Amino acid sequence: MTQTKQFGPLTRLLMNDAAGRKLLLVLAVMAVFIPLSNLLLPEGSFFHVSTYTMTLLGKYLCYALLAIAVDLIWGYCGILSLGHGAFFALGGYAMGMYLMRQIGDRGVYGNPELPDFMVFLNWTELPWYWLGFDQFWFAMLMVLLAPGILAFVFGALAFRSRVTGVYLSIITQALTYALLLAFFRNDMGFGGNNGLTDFKDILGYSLQSDNTRAVLFVASVLALILGYLISRFIVTSKLGRVLVAIRDSESRARFLGYRVEHYKLFVFVVSSMLAGVAGALYVPQVGIINPGEFAPINSIEIIIWVAVGGRGTLFGAVIGAMLVNYAKTYFTGAFAELWLFMLGGLFVLTTLYLPKGVVGLWAHLKEKYQQKKHQREAEDNPPALNTETQSKAAPEQQDKLNFVQGEKV
Amino acid sequence: MSLQTPKHIDNPAVLYMDGVSVSFDGFKALNSLSMVIAPGEMRAIIGPNGAGKTTMMDVITGKTRPDTGTIIFTDNANSQHDLTRFDEADVANLGVGRKFQKPSVIESLTVFENLEMSLKGGRSIWQALLHKLTAEKAQKLDDILDMIDLADKREELAGNLSHGQKQWLEIGMLLGQEPQLLLIDEPAAGMTDEETMKTAELFKRLAQKHSLMVVEHDMDFIEALDCKVTVLHEGHVLAEGSLATVKANPQVIEVYLGR
Amino acid sequence: MLNVNQLDVSYGASQALYNVCMSAEVGKVTCVLGRNGVGKTTLMKALSGHLSAGKGGIQWQGKSLNGIAPFDRARQGIAYVPQGRDIFAQLTVEENLQTAFSALPKSQRRIDPEIYSLFPVLQQMLKRRGGDLSGGQQQQLAIARALLLKPKLLILDEPTEGIQPSIIKDIGSVIKLLRDRGEMAIVLVEQYLDFAAELADEFIILERGRVVAAGAGSELASSQQAKELLAI
Amino acid sequence: ADTIKVGVLHSLSGTMAISETTLKDTVLMMVEEQNKKGGLLGKQLEAVVVDPASNWPLFAEKTRELLEKDKVDVIFGCWTSVSRKSVLPVVEELNGLLFYPVQYEGEESSKNVFYTGAAPNQQAIPAVDYLMNDVGVKRWVLAGTDYVYPRTTNKILESYLKSKGVAAKDIMINYTPFGHSDWQTIVSDIKKFGSAGVKTAVVSTINGDANVPFYKELANQGVSAEDIPVVAFSVGEEELSGFDTKPLVGHLAAWNYFMSADGKENDAFIKQWHSFTKDDKRVTNDPMEATYIGFNMWTKAVEKAGTADVSKVQDAMIGISVPNLTGGMAVMNKNHHLSKPVLIGEIQEDGQFDIVWQTDGVVPGDAWTDFLPESKNLISDWTAPINCGNYNTATKTCGGAVAAE
Amino acid sequence: MFTLFRRVFFAVLLLSASHNILANNADTQPSLAELSQKLISANYKEKAQLAEQIALIEDDQAIVILQALLDSRLYYVKNNEQLLLVDSSGESDTAQDAFTLQAVAGLGKRDIKKIGVNNSLRVALRSLISRAQISSKHKSQRMAAAQNLLKSSDDIDRAFIDQALERETDRDVAEVLQLVRALMQLKSDQTNERINGLTALDGALYPEVRAGLGEFIRNFSDEEKLSRKNEYQLAQTTLTDIEKLVSINGYIENLYFGLALGAVLLLAAIGLAITFGVMGVINMAHGEMIMLGAYTTYVVQLLMPEHIGLSLVVAVPAAFLVSGLVGVLIERGVIRHLYGRPLETLLATFGISLILQQAVRSIFSPLNREVATPEWMAGTFMINPALELTWNRLYIIIFSLMVLALLALVLKRTLFGLQMRAVTMNRPMASSMGIKTGWVDALTFGLGSGIAGIAGVALSQLTNVGPNLGQAYIIDSFMVVVFGGVGNLWGTLVGAMTLGVANKIFEPLAGAVLAKIMVLVFIILFIQKRPRGLFALKGRAVDNG
């Protein structure tokens, strides 16, 4: 966050973002190499990437985009949303509804108009909110609008009423929880607990073909890159600094004349849309969307990814999402019965030893090294590492969401 | 945004306060307070601890809603606004800037970014998103940095400043904001005598273009400001006039200055 | 007797104090002066235990304070009035005062009414929450709270900040009184030269984290060097 | 490969671990035993255990992992219907083989799945018949967790009850969220509904964690089986082992297996289970039997086909029969569902069920229920010439995409 | 007298059993032993008939055998069909001969078999036994018997009731018997009998009365409604009066349910009101602390299986210690490194929560554990026949309030409470006031965790004791604390009760699922009105922290 202001809005994006440049490079390489190797190289080849791996990576990429969305509001603006899974799920449902409509008369009951679960519930016509979802463009629009509008209405209410801190967190959680229960209900018309599944094809291409999967993978990479750039654009602008100001001291920002609620609403809506896009790309790759995605615990996990990666660095959010989910995939396969110990341990150790998350590791090591050097110069009296010193030394890592006492002026 | 029912004041004051009262759980922090600040005026406010000075600023800036009373602000375009209806951001955008008693800067932004954020204009989302620092603005920031003696801390996080440095930074932010009316709560606290004088000089220069309301307990500083002084006590005005007159007022001596 | 020997203190990688030496005797007021950002508060935090000494040592009554936590220092009679007051915002005034009981034996756990004669406003506001007080009232509370610890070393970081003139005078007399009782060493950070000059028995002046001048209090008022060092 | 790989896809953590962990152990026990017998086709069996963690999309991911990465020959797994629905497209795409051991709502038949749990006609309908005919129940409470299995089952039951002349006012339907724990109002309502002087029973499709608080509340409010019996489809010995059954004696459950059933096979199975778990208090239950049957059928089919190749085994499966643990033989039908006996048991103080009623012979599982208009005409038949999971006998067409490719 | 009475009664009863396949020649009454022996091979229908015959036998042992049959304690030896009484544990070494009551040794578990009963048989047995008990010495048995008669007023002889009433000395029991008689009177063909019956039923809240009245009214044909207008109207007003009373009782009951639910929420949340509300730790492991308390209850019961009644009393301090100690360990090991970084406590405690869940799964198995309900907590107490409140909920309401009061006392009235609050408000300054911050932090977290453990004891009485227990309560707990206003114990109390009652108000209107959704929406909207919870702290103290 230094010396960026001399540059125009576009050039500044990747200046001072060595990590981000590397990340984008890796993503770009992945976007080219992985699909090609999957499609062209023979299965035995060392460089062959299996469809399993590609699909898995695609899923991680969606999670990474979701993590960016959360980091944008949490890391930069201090809005701890414990309900962001809701926006992800809504995007997913919008996509899922499109995919359902694509099934046409190939459902088990062979009804050309109605998805199977509706036939089964004796519904005779498509409910109004399903209209239009047979059109791809409309569904894509809804991928953005459904989460966006919900975020707008919810955010406008909450931010105008100055609901902050943990109060906001908890009502976002209440929101996703309420949606979870609502979507469970068969009467809602979204397939109840089973959700939407058994998709056949997208834009006429079979979802089971490797080509389609490769395209979806590339789309996920592109979405992540785009999401990263958009977020980067926001946080490196002056708006980004206003967000940090709001995170640090909301009322100070107000006294400077910034309409805090507008700023919050803006990032909240942008973030919800990013989450929606992530959800939309996720659904065709995993093949199912169901109310489980609304579960509060899922939203908490997103926060965990960001925290593990390093809150307040977009790049860290990506790393965190990838790392935690890879760990989960690996542990649940390799240590099916003990993996919770490992994942739990990973989280605890991260907080203890990597206060700024995985991406903070480097900076941390550097600082440690300098302290060591310093100490060696100081010869004796090693300083007792006390927490006060640590937190004083790096106020930016102190959380300004001071839960008990409200925010500071 | 002008006032609905213009209660016209002949000699437009920048700030017109009449009968403002605030109470907290029955305790009257402001008690029918009235005061008028003229354009370009500098006004010093003194008064015992707990007299209601800070509360008064809270009321003007929209942080606290008064129980009764009117507060009318006349902007440069000569339109009048009833401040009791606006929130903090609105009041700030109308042209009222404030420095807090307890230094408050944005700790995880650098000194430079703090100042940049305070610069006048560009408060809307789109402006913030597409904001570009012009050479002119950059120059202005550099000037301010020099003035507040923090040029060498330009890239330092504001949270890492000492108490006094934060005070200075906050004054700098006020300068960047260029408000029409400045409310300054205890600027000299924690400054050396020299710095105190320097601050007084600075304010006097500002007073030509802006209106200022300065709260202090440091009598030397008040003296250096050389302006009309209002003494608050128990939420209303106890005395008003030149420093010499109020200093001679036995009540002021009794409750404030001591013998 | 407090002795500070070649003390270095850093914030992470940046060093704020270099090789600071000073001492404070019981029955005397030692003033620490210097412009903004020279390291006065840093030094006080090191004395009270909130920052750890990088190099060098602090000794109190012959024993090293290195590695001793603030609460143990408080129990050894070191009381601290920080810059910025740090009162407990949501405790009532009375409860704020009662926190001092933690460092006292059971028999001494009561609020000495003397405190109220010094700061009458506190008695009026016993049930009000500390955070609701005005700035100056909070400062008075912070001083009162420290005095209740019955300290042998009193560390005051700009105690007059934000306090009305009449009470500053009172505080001045209290400090004198405490000094004259001869039971207490007092370290006072002050920017207000007149006030410091009136009270100081000894003084040091800091400049960019180093001690650049020291001497007896009586010299302070007239010292040209002091004036220069405190100028801009 | 030098081993035959058996994938085990049951949640070992999360909300479903409570039920599914046992099934994982059952499969491991079966594998171990098979290996003791010399394996299969001369090869050892190798179990590959993964944890889908009660997370439905993760089920799909893990299935893909098992099939693509671990290249397993068969998968035993899933409990909830939604997990099965999540897995289904993957096993179909990659032509895997899934054995699903839990009672479910029906309305499905996949070429790649063998359903060894009960279809509604093998559990719900017989239970209602029993209550109607033998107990004289005239008023019904259908209480369930709000999701697809209970909704579907209740829909079928409602239609069935009405066809038997039960008036709408004598049916009370009630849904609760997953993990519902405050049952005061509902139990009190049931009590009121049942105090109209007409014999009333509760048909419970309440699932999982909600059951313990439900039964505790029944006990506390003194709803005894003599007044208002509750017949459950998701409460077995394992669930009962989690609470004090003394106040619940006489409430019912309908299953295809009870641990208390007499018989040599059952005794042997229980013994084997006790020695495998090194705990002679461990209970057995119906989904375990379904796993047992499925596993035995699979080994038999592999032997018959002479290979573990999925397509060959699929064909060989149909018509295979293995002993039930309750006596008699289970047969795999053309619709990939079993023919099994239906049993009704009453809860005893010791947490076991006393079998109070059972069907004369076996009941063939019906994939598509006859009691709903949409599926009345559908059948499933995975043999030539039909070779279809949802064949419409009226239009003589194979609907949908489950059609043989 | 007693036996004579019984004979009369059962003789009447026997007449109604029209054909009896097992009946011996009416003159030669089979002996108790003979009849009992037949139970072994009889099916359920036959067992019912046998039981009726056994009940006729003038031998106190007959009732003992019927009772044993009802309680599933009647066994037989597989190879010689000797009838045994076994105690409720079902262990073969407690076997006695059913007739001689001599202990029978040397039997293994597999040697004996229980004589099964099913529900209908149980109904029959209970009614046989309870009818015999209408003349029992104990009031409670007579009361139960009378209530049982109410259920089956159709097949009882009028003379039997009259006699019983005559002999009854207790008013309550007599009242019930009168209702039985009144219900019979409704069936009479004499108008004034029926009118008497109707008058006697006035205000009676037993559901059987409503059912009887309902049926009585339904049986009026259209012309009877005119011809017996008075009677018809009397019946109707009697029924509406009763129904009014019942519905009032329904509201009271619902309120009680709401408070009871609130008490559960309160218990679950109080610990969090400390660790989160006071300390600011976003404690995702709070649920697991509750879980540990519940498992402690389980272990305590394992250790003292003979004293289930006492076990809960022991479990409360035990759970406090176990959860509290784990809390202290967590605080010392992890949390203390995170002060000033509240959001990271979320990450760390989430990790801890996963670890604890898995630990419990590994140690105790993933299955739910059985925690028994002590006698004194089971059942209901009847305020009136339309309003029966469950004991366990009442205890939990009282218990939760006690815990809260105790905690409030500690917080507000002790130096430790003051230190707790001071430390969380400003840790460095608290230290400078001589407060051992580390010590206070550890104890505070331990206190919050310990209280969560206590909640676990209570919850073990209501719900699953399994690895997921904590997950089921964590979200609700946070909602309660936040809804009430963070850092305010009163808020937690009122918040919990409000949410509990709100839930129970919505539930009858919309069903459990929608009710829950409505409560969540209510929370969201409420927070808009009061952005800092129900009991928000106000003023500068909050803003300026």
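Think of it as A, B, C, D and E in the order they're written, each chain with its own count starting at 1.
Convention: a contact is a pair of C-beta atoms (placed from the backbone, for glycine too) under 8 Å apart; a residue touches a chain by one contact, two chains touch by 3 or more.
Since the structure is predicted, the reported quantities are computational estimates derived from the model, not experimental observations.
Touching chain A and chain D together: E. The chain occupying the central position, as judged from C-alpha centroids, is A.
The distance from the centre of chain C to the centre of chain E, with each centre set as the mean of the Cα atoms, comes to 63 Å. Taking each chain's centre as the mean of its C-alpha atoms, chain B lies 30 Å from chain C. Chain A and chain B have Cα centroids lying 43 Å from one another. Here the spacing of chain C and chain D, counted between their Cα centres, is 75 Å. Contact of a single residue of chain D with at least two other chains is seen at positions 12-13, 146, 175, 177. Contact of a single residue of chain E with at least two other chains is seen at positions 357-358, 361, 425, 428, 471, 487, 513, 516, 537, 539, 542, 544-545. Those residues of chain A in touch with two or more other chains are numbered 181, 184-185, 251, 337, 340, 388, 405, 408-409. Partner chain C is touched in their complex by these residues of chain B: 24, 27, 47-51, 53-54, 101-102, 149, 160-165, 167-168, 186, 189-195, 198, 217-219, 255-259. Residues of chain E that touch chain C in their complex: 415, 418-419, 421-422, 425-426, 428-437, 487, 537, 539-542, 544-545.
Here chain C touches chain B in the complex through residues 11, 14, 35-38, 41, 83-84, 121, 128, 132-137, 139-140, 158, 161-170, 191-193, 230-232, going by the rule given at the top.
Every residue of chain A that touches chain B in the complex is listed here, in rising order: 1-3, 5-6, 8-9, 233-234, 237-239, 241-242, 244-245, 247-249, 251-260, 262-263, 266, 395-396, 400, 408-409.
If you check the complex, the residues on chain D that touch chain E are 12-15, 17-18, 21-22, 135, 146, 174-177, 179-182, 184-186, 188-189, 192, 195-197, 209, 212-213, 216-217, 219-222, 225-226, 229, 238-239, 241-244, 247, 249-250, 252, 346, 348-350, 354, 356.
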